[in-house]
Each structure stands twice: as C-alpha cells, then as structure tokens.
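Two complexes follow with chain A in common, the first pairing it with chain B and the second with chain C.
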Partner chain A sequence: MQRSFIAKNPSVLIFLACLALFTLIVTVLSEGLGLGMISTSFIKTLGKTLCLCLIAVAMDLIWGFTGILSLGHFAFFGLGGYMIGMWLMYERTRLIVVESLSQAEIPPTSSEVVDAIGNQIFGVVGASEFPLIWAFADSLFLQLLLVVLVPGLLALVFGWLAFRSRVTGVYLSILTQAMTLALALYLFQNDSGLRGNNGLSGLQNLPGVEASQDVVSLWFLWASALALGLGYLLAAWVVSGKFGSVIRGIRDNEARVRFLGYSVETYKLMIFTLTACIAAIAGALYYPQAGIINPAEIAPIASIYLAVWVAIGGRGRLYGAVIGAAFVSLLSTWFTGGQAPDIPLGFYTIKWVDWWLVLLGLSFVAVTLFAPKGMGGLVDLWTQARAPNRHGADLGPDDSALREQEASK
Partner chain B sequence: MLRLFLASLALLLSCVTASAEEGAIQPLLQEHREVIAKSSRKTIGPAIDAIANSSLPQAQTMLETWAAKSMWMRKSDGRFFVGEKADSKNYRLIDFDTGEVVGTFPKKELKQLKPNSGVRALIGTALVQFQLLDEDRAKRQAALTSIQRDPEAALLTPLRASIEQEPDAGLKAQKQRLERLLTIGYDADPAARIAAIEEMSGDLGVDVRATLNPLVATTRDVTPGAVPEGVNVAANLTPGEEGFSEAEAYDLLVTKGFAPARVTPDEVRLALAENIEGGTVGGVPVAQLDKDDARVRAYAALAEAGTVSPLVNPADIQAALAAHAFFETYAEPIVEVTTAAQDALDNIALKVGVNQTLDLTLDALSLASIYFLAAIGLAITFGVMGVINMAHGEFIMMGAYTGYVVQQIIPDHTVSIIVAIPLAFAVTFAAGVAMERLVIRWLYARPLETLLATFGISIALQQLAKNIFGTQARPLTAPGWLDGAWVLNDVVSISYIRIAIFILALIFLGVFLFIMKRTRLGLETRAVTQNPAMAASMGINPGRVNMLTFGLGSGIAGIAGVAIGLFAKVTSELGSDYIVQSFMTVVVGGVGNIWGTLAGATMIGFLQKGIEWLNPSNTLAAQTYMIVFIIIFIQFRPRGIIALKGRAAGD
Partner chain C sequence: MSTLLEVSGVSVTFDGFRAINNLSFQIGEAELRAVIGPNGAGKTTFMDIVTGKTKPDEGRVIWGEKSVSLLKMSEAKIAQAGIGRKFQKPTVFEDQTVQENLLMALKKPRGWLSVLSYRAKPEDLDKVAELAKEIGLIDELTRKSGELSHGQKQWLEIGMLLAQEPRLLLVDEPAAGMTPQEREHTTDLLLEAAKTRAVVVVEHDMEFVRRLNCKVTVLHEGSVLAEGSLDHVTSNQEVIDVYLGR
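Our next item is the complex of A and B:
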C-alpha cells in the first residue's frame, strides 16, 4: 500500500531524466561552454521555452486538473517578470550612474545617485521621481520575494472574490480575462510607475556580471530547467495525493464535492494562488532572457495562447502540458521567424509568416473537436493503456443527463 | 501763408466747379502728405483717422490700395495715385477720385508707399468700419470675424455705428453680441461695462468666458509692509497655506528682488568643485563630501572666507516672509468691474456645469448604445443559447469589412450603406451558420471547449483579414448627411453618427423583442434553450433552431460592425477591441435577458464616461477602473443586474 511517490508516478522520473539529458546535450553543443553547434540566440529561445513549459504546467494544474479555465495566468507571468525586471533595471542603472558620477570632482551623495537613477529610468515617460512601488527595487532579496508575493497576493484577492461568489465555468474565464485586460491597460499608462508602454528593457544584462551573453544564457537555461524540474515535481506531488483527488473531484462535479463536506472554495483558492506563484517564477526567469517586458505581453491573447498550448499538448496530464507548450511555441518561432519554406501554388504563394496563425487557429479547432486528449493522447495509444470505452449513446445537446457528462470526461 | 492762399483758392474753386472737386479725396491726402509719405506708426494716426472719418466713398478703396502697397506718389507734385505696372519700367497711374488713368510714368519719377506691418494694422482697423457697412454680406461677416479674433478698443465705435444699418437679422444679432463683449472689455465708462457684464452673465458662449476671464486674471505680488492703496486686490495670501507654499512665497520674494536667492544643492556642488585646494574644500577633505552635512560645513567655511555667497538659512527665510505682505491683484483696476465679472463667471460656471452634465449624459448614452450594439448579437448566442462565441468580435469585423468592400464597388455613400447593411447580415449569417454546423454543434455539452474552439476560429479569421486587407486601417465613410453634429449650445453637442447609432440600437432592441416574443422562431428558440429534449419531443428540430438562432446572432453582429466601422477605423483588430466589453455587458446585465443587456450596456457606458470625467486625461485608467468595478460588482450580483429566476435560470 505504501508505495513511494516515484513508484506511483513513473512518468515523473522519465520526465526528469529527459529534462536533465536535454540540458546536458544543449550545454555540450552550446557556443558558450561546448562545441558551438547551437547559437546563443537559440539557447535563449530554448531557455524561454522551458519557462513557457513551466507556466504550462501551472495552467494544466488549474485547468486540466481543477477545471478552472483561467485566462489570467499570463498576467501573473508578466507581473513576475516586472518584479525581477525592476531590480535588474535599477541595479544596472545604478552601476552606470555611479560610474559616470565618480568622474565628477565632488563625490556624489546617495540622494544624488538615486535622483540620477530616477532620471535615467523614468526620463522616457517624462518623470524622474521613483514611484512608491519601486521602494524595494534596490534589494535583490526583497524583489525576489515580491516575484512570488505580488502575483500570489493578486491571485489570492481575485480568487477569493471570484470563488466566494461562486463564479464558475465560462463566467470565471471571462472574469479572469477582464482582470488581465485591466492589468494590461493599467500598465500601459505612463503614470503607472512602470514606464508605460516602453516597459522595462535591458534586462538581459545582469548587473555586476562580466561574463558574456553566451555563458549567461546557459546559466538561465540551467535555472529554467531546474525551475521546470522542481515545478513539475511539485505539481506531480500536489496532484498525486488526497489534495489531487479533491481538485479532480471539483473538476468533475463541484456540487458533489461540496456536498461531501469539502470546502471547495478553499481548495480552488489554494490551487489558484499556487499556480499563480509558479507562473510568476516562470515569468521572472523568462523576461531576463527575453531582455524586455512591456504591457503588450500581458494582453489577454497571451493567456489564451497558453490555454491553446495546454489543450494541444493534452490536459490533465502534466507532461502533456510541457509537450504542448514546447511543441507549439517552438513551431511558432520556426514559422513566424521566416524559416519555414514558402509554398508556391502558382497563382498564390503561401507565406508562413502570414498564414501560420490561420493554421494554428484551425488546427486548434481540429484538436478540440477530434482529439480532446491532445498530443498526450498519443502516449496512451503507444502504451496501449487506453481506458475502457465506457461511452454510451452520443451526447445530446441536453447536458442535464449527468451520466453522459461523466462519460465525456 | 501759401497754404491759406491755397485753401481759400480751393474754397473758391469748390464753389465754382462744385461738380469737379466736391467729395475728392486728393486734397485730404495732400493735407497729410508728409505723414503718409513717412508712414510711421507713431505719427500716422491722425492721417488715417481723417481719411476714415471723411465719409468719402473713395476712402475705403484708397485705404485698401494703401494697405496692399499699390499706392504711388508722383514725385513732381506729391499727388497720390493707384499704380499699375504698365511694363518693366513704367507704371500707369489712376486717380482715386475719378478712376481715370492719368498717364503712364517712368518708375523713377514715382515713389511706392510701403506701409510697414504696424501701419497696415492701423489701416486694417480703420477699414473695419467700412467693411462692417459693406454691401457684400460675406465681407461684413469677415469683418466681424476679424474683430472677434482680434478685439480692440478702437473698433467699438465703428461697430456700434454699424448696428443700426445692418439689414441682415442674423448678422445684426452677431454684431449686437460682439458690441456687448467689446463694451465689457473696452468701454471707458465702468457703469456701461458692468451693465454689459450683467447682461451677458449666464451666457454659455465660449467668447463670453474668453472676454471675462482676462478681467479676473490675477497675478501674485509682494510688497514690504502693508498692501498699497489703489490696488485691486483679489486676495491676501499667507505663505504656507493651501496652494501657496513657503518655497513659492520665497521664490516670489527673490524674483521681486526683496530677498537673496537660495543656494541650490547643485550650486553648492559646483561652488565646492571650483574651490578644491590640495584635496580639501574649506578644510573638509574631498572624499568626505558625499554627505550633505559635510558639504554644508565646507560651503559655510567658503562663505566665511568670502569666496561664495552665504547659504540662506531657514530662519532668514521665515523672517523675510514675515516682513512682506503677499497678495493677488487683478490686472483690471476697477473693483466693481472685477466683482461683477467674477459673479458673472460663477453664474456661467454653474450653467456650464449643468450643461456639461447633460453633454456627459448624451456621451454616455451614445457609448452605451455602441456597447449595446456590439453585445446584442452575444445576447442571443451567449445569453439565450449559452454558447460562448469568442469569434463574435470577428463577426463584427467581418461586417465592417463588408461595408468597406461595398463602398469600393458603390461609390455613393448613402446607397452603399443601404446595400451594405443587408449584405453584412447575409455574410455573417452564413458564417455563423457554417460555424454552428461545423464546430459548435459538437461542443454543446462542453462550454469551456466551445470557448477555446471559437477562439481558434477567431485568431484564424483575424489573420485571414490581415492577409486579405493588410494591416493598415481601412476607411468606412459615413454618408454626407451624417456628417456634422447637433449643436445645442457651446457646451452640449452630439454628432449625427452617434444619434444614428443610438436609433439603430433602439431598432435592434425592437427587432430582438419582436423575434423572441412574437415569432415562431423565437418561441422555438426559447423552448430549445430551456429543454432541448422536451422541445424535440414536441416536434421542434433543435439542430435547425440552434443553427438559425446562432446565425441570427451572428448576422446582427455583422450589422453592428457596419455601424461601428462608421466611426472607428476598420482594422482586423476591430472585433477584439470590443469582445471583452461585450461579454462584460452581457454578464453584468444578466444572461438570458435582453433588458439585462440593455441595463448592462447603460451601466457600463455611464460608468466609463463618469470615470473619464473624473480623470479626463486618461481613458486607459477609466477602462481599468471600470473593469475593476465590474469584477467587484459581480461579487454582489453574480447573476447580473436582471437575474433570471426559477426554472429558466437553469444551473
């Protein structure tokens, strides 16, 4: 009965092994430390993809396992990026400012340094004062804490409000989308204190680090891989225990779980906040690799793409989310980067830069209609471990027949 | 002596040959020949006045000729003529009085009069009185406009004189109004000004406020001791009170020269840098100067040595502030006038406030009708059928592009709109039916997946529109009769397009109610929505009804697209700009009830305009706060403003 966690979840071990192997191979082939067969920019792409896989794991927890289609997780992702970006930008500007002020005959006072940093950072939005939200920007530790605290707190407050009033299903999706939109619109303002639509830039330069980008990109790749590994482990542990059973129960029939005496709202709130924190950590690792963050990254469309990745990869299984995010985002980079060959039809040439989104949209519809299990379903086929077919008659338009509904899940 | 002789000769001549010389302008010009030839702004006044007041019919032509630099003086006898270029070296001269050509003269025998801009302005002012009485209505209008743009004391008299004879009633009213305004600004008699101010009090015109505001404009001033007599004081100021900080007060003292300027931290730093001697400044090592107190010590040492001006310490500032009286003065010296003007402005401000509220209400209504239009299709597909259609925004976009394409084929805007509306309905109806048949039908039991699938369609459609029409905005031009605005007064106005959209929204409301309550389709839709199995057993075909209902909702979105395209630029992102707000509208209003959608649109419209009014510079903030408000609102009424009760609520 008391089998170990690994024994119960062999897929976790396989996944971690694959991840470690991948990281090792990339390191060996890298420009910075290895053979130089993979360019630094591609290493950054791979590192960013790992971060996207991590947020996809979070999305799978909240959607695939708990049944809450949150269209707001990219907002947490972006907030995490903003929090780390504030420190990176402040510290780097401080180094530059101190360097330039030390040329002066009179050594600068600390308030002069802060004023000069403020001028440098907020000059683009016509301000020079530090807003209140930058109060901790000079401390890496506090700012790292904020990476988790700010999105976590936002998720806690929003989730408490939303779950308390029993907003469920598509209503909750729309509400989370509205939250994301509100946040993006707020950040777009110049007086939001985060440089409006200029966003935070120059994040790829680590302050005080002399190493070249070739090496720094590898560090970030390792950090992202580590975060993904830990995040995956945490997610697997969460869904494997009793907690996991309860949230799956909430997904399948919320009312029944509530009648059994579980506090559905608390469970939902916990998982919502937890996934928000995971998303924020992913964002804090992603944006230093991307180099720039601006409010357009938070727009509701990004969160919907996240849902697309998870759906294509396969909901309700953690490796499905990872596969989906990696596959779709890398494919997307390939198509939109102009690397995919054009298809000449004689009368018209299909340029993938233009047609990729059409293809993605339509294949997404196809996946939803014909392969609800996504790419993860292929694994089922391969292991011959398909669940017994319990489907009865076709589901009618009437969803009042609960047995039928269960069958579809 | 000679002049007297000439004058008497002229008198004699005028008696003898009355017909030839009477009403001639040339003698008048000769009388002022020197100043005219000199053309200096300082001395030209009497000459222009004399000409303008001569009541000669030629005076206007003469002044216009002069201002246009085509008046020439014959050097031989000093007489003035209109000069026209005959050829490169010769000019043809025309007499002012007779209008006849006097002859052609070489250029070197003539002198062209080139009045400078100052003189031309004086001539322009003198000309206004002629233009005010001109026979051409357009010229009189132009004269009035020029007075409005550039009012002057000198224009008051000619304006008053011209009112009596004004034949056109509209212009007469304008002239009377302008006369009142000029009286306020420039009349010599304070009583007349106050009377005029009281008369115009409560008028909403921007021009009235523009006239009154300079009267009550204040400047801050300071004086040692008590406020002098004879100054029209608006308010006495105490440093440190609201809106007048001690720093501001001291800066005022400095600019007026009553106190020494403060030494700013920057100046301290520069002074210290200049006085480094052997690694120390004033006895303080340079390395220690990264603290403020060390800098102050070093600077004080320098000041003691006399190399720099001393710091102004807070006690000095307080003493200086206490020793002076601060006050605000009006530029206008007469107290009664400023009091009357202030009263009138207060009165106007109240009225403007009332009218702004009205204007805001109209704006909010118009925004509400736009949201309603965008959301009414959703009220059918989402509200009645419960299908989440994320591609709804793209149907709106398709409607707008349909309008654009029709306009490319039919150039007449009115006809093209009339064609575009049913065509947009047809296109989006077809698209909606196709989507329902191909995708949504399979997902009725899985609402979350409907959301995702329709989202996939939405990005595909958006990219498709980008591929076909490009990324730049396409114009959808409204017919000419929808241009312009309905202007109630200077504060309240609303464009005709917005009125048209409001009416369109009302029509849609009516159509929706009619279809849902009075037609077979509406009955069947409601039946299928409530219980598909029961409806099917009653002989209704649920598949067909769902298809038609979905098509109807999509078609209405298409028509809304045409309407929205009329005032917004048509881009592939047009739909996604409205989709979240549309869902908000339906959710806030209450799903499944058209009155709820109406209430939701009204609430969101008024709310957004209200927040914009509180913070006018920032529409982004308004949208942010509105969404936050909606999220909180849903806490208290999770089912919307108008919630369905009983069985219809489902669950």
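Our next item is the complex of A and C:
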C-alpha cells in the first residue's frame, strides 16, 4: 500500500505512453509538419476522437465507477463548446469588422464596432443586439473560465436537486435526459441568444492566427492529447484511493455506504460536477476542431452514444472507456463516411451509411448480453493467462505445490 | 449506568399499518441486549428508526450524554455520531478487497475532501490487520470480499462495524445461515464488543440468545411485550402465547 501511485496503477503509465506515442506518430506523419501521409481532415478527426475519449473517461467515472447512468453529459460537452465558440466567433468577427470599417473616412467609435459585430453575428436570426450572455465574449480569459464554470454550475444545481431527493437508477437517467433535451430545445430557439439552430460557426479559424489549418489542426491534436492525458491521470488518481472505494461502494450498495457514515449525496454531487467539468473541457477542445456547434449536438442521442461507447469499451476501467470511444467513433466515421464497401446481396445492397446504426445497436446488445466486461475484458484474458490471480491460495492441492508468491517469480 | 440511547413513545404507520406502536426502549453505555419477537413485530423497523432510515410519526429518540435528538439527523450523520448497523443479509462491498472494505469503515473523517486526499498510513494498515485477525480474516486481506463464504462475509461486516468504533452497535440476525462453529465465533465477537460499547442484537434463534446471556427485550406488534433475563421472559405467559408457543 505504500508503493507509489504509478506502481500501483501500471495501466496509467502504459496508457500515457501509448497516448504520447500516438501523438508523436501522427505528428510525424501529418501534412502540417511531417511527411504528409495523414491528411489534415483526418488529423482533425483524430483530434476530435481524443476529445471524445476524454468525455468517455468522465462517463466511466460517473457510470462505471459511481453507477449513475447519466444521459446528459453531452449537454455539458456542448456547453463547453458554446462557451469557447462565443469568444472565437466574437473575436474573429471583430477583426473583420474593424478591418472593413478602417476603410471608412471617419474612424469608427467602439460602440459602432460592437453594433457591427452584433449585426454580423445575429443577422441570421434577425437580431443585432448582443444578449446578456455575451457580456464576456470579448475576453478570452473570462470565456475560458466560463467553459468550466457554466457547465459546472449547471451540474451542481441539477445534481443537488436530483440527489437530494434521492432520485436514483433509471429515474435519474430519465431526468438527466430531460435536462439535455430541455437545453437543446431552448438553444434551438432563435431568441436563446446563441443563434438558434444555426449555432456558432467558423470556429476552426483562430482569430489573429496566420498559420494554416494544417498546423492549427496539429495544435489542437496536441492540446486534446494533453487534456486526455491529464484527465486520465486525474480520474485514475480519484478512483485509486479511498474516494474510489467510496464511489464504488455507492455503485454497489448505496445504503450501506450511508450507514458507514458517508454522505452519499455529497459524493455523488461532487463526482457529477467533476465529470461535468471534464466533459466541458473536452467540448471546448472538440468544437474548434469541428468548426461548428449547433443545438443538435446536445440532443439526447449524443449522450446515449456516449453510454454505448463506454459499455462496448468496458465499464469500471478507465482505459476501457477510451478504447470504446476511440474504436466506435472511428469505426462510425469509416462506415458513415461512405468508405466502407457496400455489400451487394443480389436482391438488396447493404449500404453501410444506412445500416451502420443497426450494426452498432446489435453490437451493443451483443456486448451487454455476452461480454459485459466489454473490450476491456480482453485485457483481463491476457493478464490472467499470464499469471492466474489466486489471491494467496496455493497453486495446487498438494503440500508441495508452489505458493502464489513463489510461482510469480 | 448512564443511558446511551433512549427511544420513547415512538410510533410509525406504513399505509395504515402500525409497524411500531408507542415503543419505548433504553440501553446503557456498555450493555448487550437481545431483541426477539415474531415476524412483523417491528424489529427491523426499530433499527430503521434509530439509524435514521425511517422517520417516526411521533415519539422521541435521544442519544448520548448531550441528549441530542436523532430524528433530525441524516443516516450519515447518525452513523458519524457513533451508531453502527449490520444488516440481515451480509452486505459487504463484494467488488473490493477485505482490506479496502475495512479501510473504508475505519474511523476517519468522512468528508469528501479529506477522503479524496486520504492515503492509508502504516498505523491504519496495522489497525486493519488487527481487526482482520480478530474476525479471523487475516489471511484473506487481499481477496475480493465477494469470494468469501457466507460466514466470512458476516464477520467482515462485523469487523467493518468495529472499525467504525461505534458506541452503539445494531446487529440484525448475525447468526443466520451459519454453521455451529461459526456461530460460536460470532458470539465471542459480540460478547467482546459489548465490553466496551452498547450492542443490540436482533435474533430469532433462542439457543444463540441464550449463549449471549444478556437482558432480553421481546417485541410484539410494534411495542415491548416483556423485558428481563431470558428465563424471566420465557416464563412470561404472554410471551409464550404470542411467540414461543407457536
């Protein structure tokens, strides 16, 4: 028990090494800096995938470890994206507006500039005034703070209300889903202040940055990899100690934890808020790579996908969530991108763009029924094949049989 | 002997059914008490009320020398105040090792921040090892508790209770499903525990109660029917009629 954190959790080191290697290889092969074997659009896909892996880690914390099946974490992901998107859009529009107004004979006043920006941004929804929620949009620092604060606060208030009244299980899932749906529907309105169903666009262009997308995409890949690495480390640390024991206890028998003297509601609230913040950071890195965010991203289906990734990857082990998210979302890109070859059956041709969801649904059902440990369970097969864990028991019935300590040498 | 827990005039109604009816009960600082009674007498509901799981419709539950009311406190707060509870079914965290189970129960700050930064110190591990020895699980520390036998799980749960260092232990049918040897060990554990704290044992098995050799409270239809030594209550005609005679 006195060994260091890494020695107790060798999977963390392995994971970080794999992540670093992956980032290095992709960088070397990229168009921006290296050999040009990976296109910039695919770099963006990989960078986005890393962000999805990060939110999957958050989902594993809340679902795999604490047992709360939240179907609302993509709301926090989307909110994080909106928060950073507001600054990106404001600042870029400002630069354009300032440049065009500088052609005028009289230099524009600052209020004229703001009005022009408002016209540019809100013209599509027939408005020109900045709503109150854009008050800090001109400050990168404040918007970065809001990336964490807004989803964190929403999670705190929602979680407090839900956990305090002891809503659990499937009812809580429904409640989180309702929250996501309500938020999406609200954002779809034109007067929500976030451009309704148009969403925020042009987010891939960093204001004031001259570098080409080939390079910018690499920056985001690195940032996403760094965030995933740090997020993974944080999650692994949180679940490694007694806190991890308590939340796994809550998952397995909430009442017992309560009678041990732990305030279950507080623990749930803390882990819910923490995962919401992680999800928000993942979203803030994802949407500048996607270039556009609109309310459809927050729709409940996205959060259900998240649960599917984690289930297929394997719950209760952080690397399982990462594997699941990366594998399923990349596969989904492949199938829905029209790259998968059609299968002609003579009377009918299976087009994967249409049939991919059916395949995904079937594999979800199959995993739940036949391999509840998910893809992460394969790791167990491998480690157990090497050294069966006999928990200190002798290896055989004989007195002369090797004991576990001797056998492992 | 000063009173540790005083329950007076407590009543609970579930959908019109009066599970507890004007129940009064007292226990002192270091006392062992057996609670017996037929099914539906309200034994488990009584424990639910003391531990805060069920709120009574009326009555008072007073705790400790400061005479605080437990009725306004949450389950976690009551547990922190020093009331430990063992359930009828062994409920240990099966996915975690014996050591992790005991560490979680060990008396330490329960706030999320202190738990987050908590790392087991050598003396904590010694404490856990000592407890594990007491409950006969010292060789199983690194095993997942889900792999233990039924009796071992019961002991682990008792060990977790002891680790909490409660001043009052509520134990629901500790000997259910145990072999005779296991029962004997369990009796020893409870008798040992009762030397330093109050222990309330709910039990059906009269032989087990006899071995505890303590004051007995008989519950019937939600209130106390008789109280006294086992011989005293078993010779009570009413007790024979409602409980023993059947």
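As a convention for this text, the second predicted complex is superposed on the first by the 383 of 409 C-alpha atoms of A that agree within 3 Å, B and C clash if a C-alpha of one lies under 4 Å from a C-alpha of the other, contacts with A are read in each partner's own complex, and residues count from 1 in each chain.
To be clear about the criterion, a residue touches a chain if its C-beta (ideal position, glycine included) is under 8 Å from a C-beta of that chain, and two chains touch if they have at least 3 such contacts.
Computed from a prediction, not measured in an experiment: that's the story for all the values here.
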Worksheet item: With the two structures laid over each other on chain A, which partner does A:Leu35 touch: chain B (first), chain C (second), both, or neither?
Response: neither
Discussion item. On the A-aligned overlay, A:Phe158 touches which partner chain: chain B = first, chain C = second, or both, or neither?
Written reply: first
Item to complete: Once the structures are superposed on A, label A:Asp252 by its partner contacts, choosing first (chain B), second (chain C), both or neither.
Response: second
Practice prompt. For A:Leu345, select first, second, both or neither according to whether it touches chain B, chain C, the two together, or no partner.
Written response: neither
Discussion item. Output check: A:Phe188 vs chain B and chain C. Expected answer is one of first, second, both, neither. What do you get?
Written reply: first
Item to complete: Return first, second, both or neither, reflecting whether A:Tyr262 touches chain B, chain C, both chains, or no partner chain.
Response: second
Worksheet item: Touching A:Leu132, do we find chain B (first), chain C (second), both, or neither?
Response: neither
Worksheet entry | First (chain B), second (chain C), both or neither touched by A:Ala7 | neither
Response to the item:
Comparing chain B and chain C in the superposed model, the one touching more of chain A is B
Item to complete: Quick one: which bits of chain C touch chain A in the complex? Just the residue numbers, please.
Response: 51, 53, 74-77, 79-80, 84-85, 87, 91, 93-96, 99-100, 103-105, 110-112, 115-116, 118-120, 122, 125, 139-140, 142-144, 147, 160, 164
Worksheet item: Given the complex with chain B, which residues does chain A contribute to the contact?
Response: 67, 69, 104-112, 158, 161-162, 164-167, 169-171, 173-175, 177-179, 181-183, 185-186, 188-189, 191, 300-301, 304, 307-308, 311, 354-358, 360-365, 368-369, 372, 395-400, 404-405, 408
Worksheet item: In their complex, what parts of chain A are in touch with chain C?
Response: 1-2, 238, 241-243, 245-246, 248-249, 252-253, 255-256, 258-264, 266-267, 270, 391-392
Worksheet, complete the sentence: The chain B residues in contact with chain A across the complex are 265, 269, 272-273, 276, 286-287, 289-292, 295, 388, 439, 442-449, 451-453, 455-464, 466-467, 528, 531-533, 542, 546, 576, 580, 583-584, 587, 618, 620-621, 623-624, 627-628, 630-632, 634-636, 638
